[in-house]
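Letters A, B and C mark the chains in the order given here, with residues in each chain numbered from 1 onward.
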Amino acid sequence: MRKYLAVARITFANVLVYRWEYLISQFRAILLLITLYFLWTQVFKTRIILFNFDREQIITYVFLATILRQFVIISATDQIAQELQSWGKFFSYLLKPIGYFSYWFTVDLVYKLTSLVSIILIIIIPTIFFQIPFVQPAGILTFLLFLLATFIAILIYFYMGILVSTTGFWTPQVWGLQFMMLLILEFSAGAYFPLDVLPATIQSVIKLTPFPYLLYYPISIFLGKLSYIESIRVILISTLWLFAVFSVTKFVWNKGLKAYEAWGG
Amino acid sequence: MTVIKVQNLTKIYKVPQKNPGIGQTLKSFFHRKYKETKAVDNISFKIEEGELVGFIGPNGAGKTTTLKVLSGLLYPTSGEISVLGFIPWQRKSNFQKQIVFVAGQKNQLWWDLPAYETFLLNKEIYEVSDKDFRQRIDYLSQILDIGDLLKTQVKKLSLGQRMKAELVAALIHQPKVLFLDEPTIGLDIIAQKNMHDFIKDYNQKFNATIILTSHYMDDVEKLCERVIIINSGKIIYDGKLSKIVTKFAKNKIISLDFTKEIDKENLKEYGTIINFDLSNAKIEVERNRVADVTGQLLKRLPINDLSIEEPPIEEIIRLIFAKNK
Amino acid sequence: MKPGEANINFKFQPVLDKVETRPGISNVKLHLPAGRQEFQIMKYLRVWTRLAKMRFREYYIESRLHSIFLISGKLIRFSFFFIFIIALLTKTQTLAGFSLYQTLLFFMTFNLIDIVSQFFLRSAYAIGWMINKGEIDYILTQPVNTLFRIVSDIIDLLDLATLVPVVIVLGIIVARLETSITFYNFIFYLLLCFNALLIAFSIHVVIIALSILTQEISSEIWVYRDLMTMGRFPVDIYSSLVQFVLTFIIPIAVMVSIPAKVLLGILSWQWILISFAIGLTFFGIGIKFWHFALRRYSSIST
């Protein structure tokens, strides 16, 4: 446990060094929020209900999606790909008495916690100031189910990030893939708009993937769009997805490690 | 014809001082503090067409700064500079077509492509005709012996091969004035020698004016008749390499070979003993006493062989810099 | 001893004779041929094409896969937004008073300007790397306009792969617009698109100049990228304060919404003039700032 605390400490120090870049990246996140906020405000000027959302619900959706994105879809794991390129650095980890995945999970957690600070600074405080109307969760149980779904989402994305990075075992050209995956993932997770907006066929295809379980379903639970039974069903399915993604990642990782040792050693 | 004329050149760098922390950064945005460093301090010299001049001095002496001013990269703080009749920092294209600046530790070749691709780029930038381009590539790759390597990815070349390819890229437009900043840095002895031969050859064939900086004395000794020694931004010597010795070395070295073993004590009165091993010895003697001492030595000691040597230039220059610190 | 007097070699006579007989040697031409302007334009075209070819080969050798993913990613993003706008507008009929095809015209104009400006100005993202590598110093000693050379350093011909579908879709949408388009509106649309590129160029130049001044890799360019995406939808959706900022301070509106409005014939001539004025002002500021930065670089670089 103590060594993970040490990892956390050094990661945090590193974030502090690059705090300016960090703040800028956080600032960029709210530009999209501004666009979406005004877009929906405009749309709801002449309507009460659209796609089964009212104004407060859609605005809450957009804000929650922006906030959750900073927790769920921000991950340190995309750095693994770069690290695999410098052979020596990667192997120095394998030699250390610390689990490689646990190491990155610790780093990841620190990133997410620092996100919390900036979210309060640049999202929550301004929203209170501008008195933006929000939907409250229906009850404590709804909120707990939302937290649980979000926690599973964080884990799913953590392993997905590693899975994409694993391609670094075979090719140095990873970040193009990372970029493409991120775009597909953000859209199908509902980061830009709730999936309810899309035509039914596209919706049903996307819902067959693990992506909606990252943002769309947790937010739907929060907004009370799903009954308790449905919420629990969603959480069960996302747990299954977590195991599936975890197993595939583990499998590919071990394969990659073998290939890597073959040409590296 | 005088190609380079430098008169009272001074270059002061104003480096903004950076402070850590966002608060400090914001503060310094409005109220910047500068640290001034005098890189070059009131220097003057002239270089004639076809000269090959060595610029020597320790790190931070102002060598690279001077080259950068001469090639138009830096504005001088004060002083008058003319190269080929142009004012370098105006960066007129007719000036730029006649010069080149090559830095040994930086490369302009594209890493992932064959060197030939960069040559083609420079051909367009310097507006070299197809015919000239072909002839120059033939000539340069032949003399540098890298013909078959021009189609190889640059990253797959050795450092020596890469430096040669850099030279070809730099000389496609056949510049009249070459500024070579540490051209042999990092090269092995053979590559270094090839580089020397080439620079000398290019200088003679095209009557090109060349200034090179280096901290390998070897480069300068092999190539340059004239050297400019610069330290802390000031010129402390400008003249023939061979005359450095007479100017700065007060002593000469007498090497002795005896027919039989002698006592070390017997030598002490003639000069400082540098080394001694019974039948061999080296002593340092003041320049004006050499003739006198030699006569006495021959008379008094059983000498088999005697020779008079100048101290190595490298040593002298090291002493000059040590003294000027 | 006076400096420089100790050793002056006069060896021009014999060597000059040799020069005449060497292969590949012609005297350095001191005067440019007549019609210098045309000559220079051709030269710059040739340098640009050469750089484009080199980057293409480099990407082909080193990062084929990478480029394919990058382009697919962009096309996916484009498709998703396209579907979103259609899905939204099918339900609502209008957005801030614009019909589906009108809204799509704004979106497609955004894509057009974004892709073309990215194509020509991609190097702004690599400026930090160019400074670190000392590339700027080489460029400064070469007989080619420094800003041109820096800006054309990275040209990705594969960007054109995204431009082609965008132009086709744009054409289809223009054909389906409810209002018919007059010839003059079309000409002004093109001119204002050009004006938009001028503004994009100026903003990139300012960012490049900032990097050269601070000698640091900056993330400002990414902020600009995200601001630009605010132009995906007609600026009329924003509050008046945001609209003001997007018109006069970071003129995304002038770059995207105004050309689209001109094509729809709903822009007054005053606004057309103001837009060109904003474009020229930005261009002026960009160039001024660039010269300032270059001058500063030449005095403090170490």
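In this section, contacts are C-beta pairs under 8 Å (C-beta built on N, C-alpha and C of every residue); 3 or more make two chains touch, one makes a residue touch a chain.
Because the structure is a prediction, the values reported are computed rather than measured.
Distance from per-chain Cα centroids to the pooled protein Cα centroid is smallest for C.
Here the two chains linked by the largest count of contacting C-beta pairs are B-C. Chain centres here are Cα averages; for chain A and chain C they lie 33 Å apart. Centre-to-centre separation of chain A and chain B, using mean CA positions: 57 Å.
A straight line joining the Cα centres of chain B and chain C is 41 Å long. Residue positions of chain C touching 2 or more other chains: 62.
Contact of a single residue of chain A with at least two other chains is seen at no position. In the complex of the two chains, the chain B residues touching chain C come out as 1, 13-16, 43-51, 68, 71-75, 77, 89, 91, 93-94, 96-101, 103, 106, 108, 110, 112-113, 117-118, 120-122, 124-127, 129, 132, 134-136, 138-139, 153, 174, 176, 204-207, 225-226, 228, 235, 238-240, 243. Taken in their complex, chain A has these residues touching chain C: 21, 24-25, 27-28, 31-32, 34-35, 38-39, 41-43, 46-47, 50-51, 171, 173, 175-177, 179-180, 182-184, 187, 192-193, 197-199, 202. Every residue of chain C that touches chain B in the complex is listed here, in rising order: 1, 3-4, 6-12, 15-16, 18-19, 22-26, 28-30, 32, 43, 46-47, 50-51, 54, 57-58, 61-62, 133-135, 137-138, 140-144, 149, 295, 298-302.
Partner chain A is touched in their complex by these residues of chain C: 62-70, 72-73, 76-77, 80-81, 83-84, 87-88, 91-92, 95-96, 219-220, 222-223, 226-227, 229-230, 232-233, 236-239, 242.
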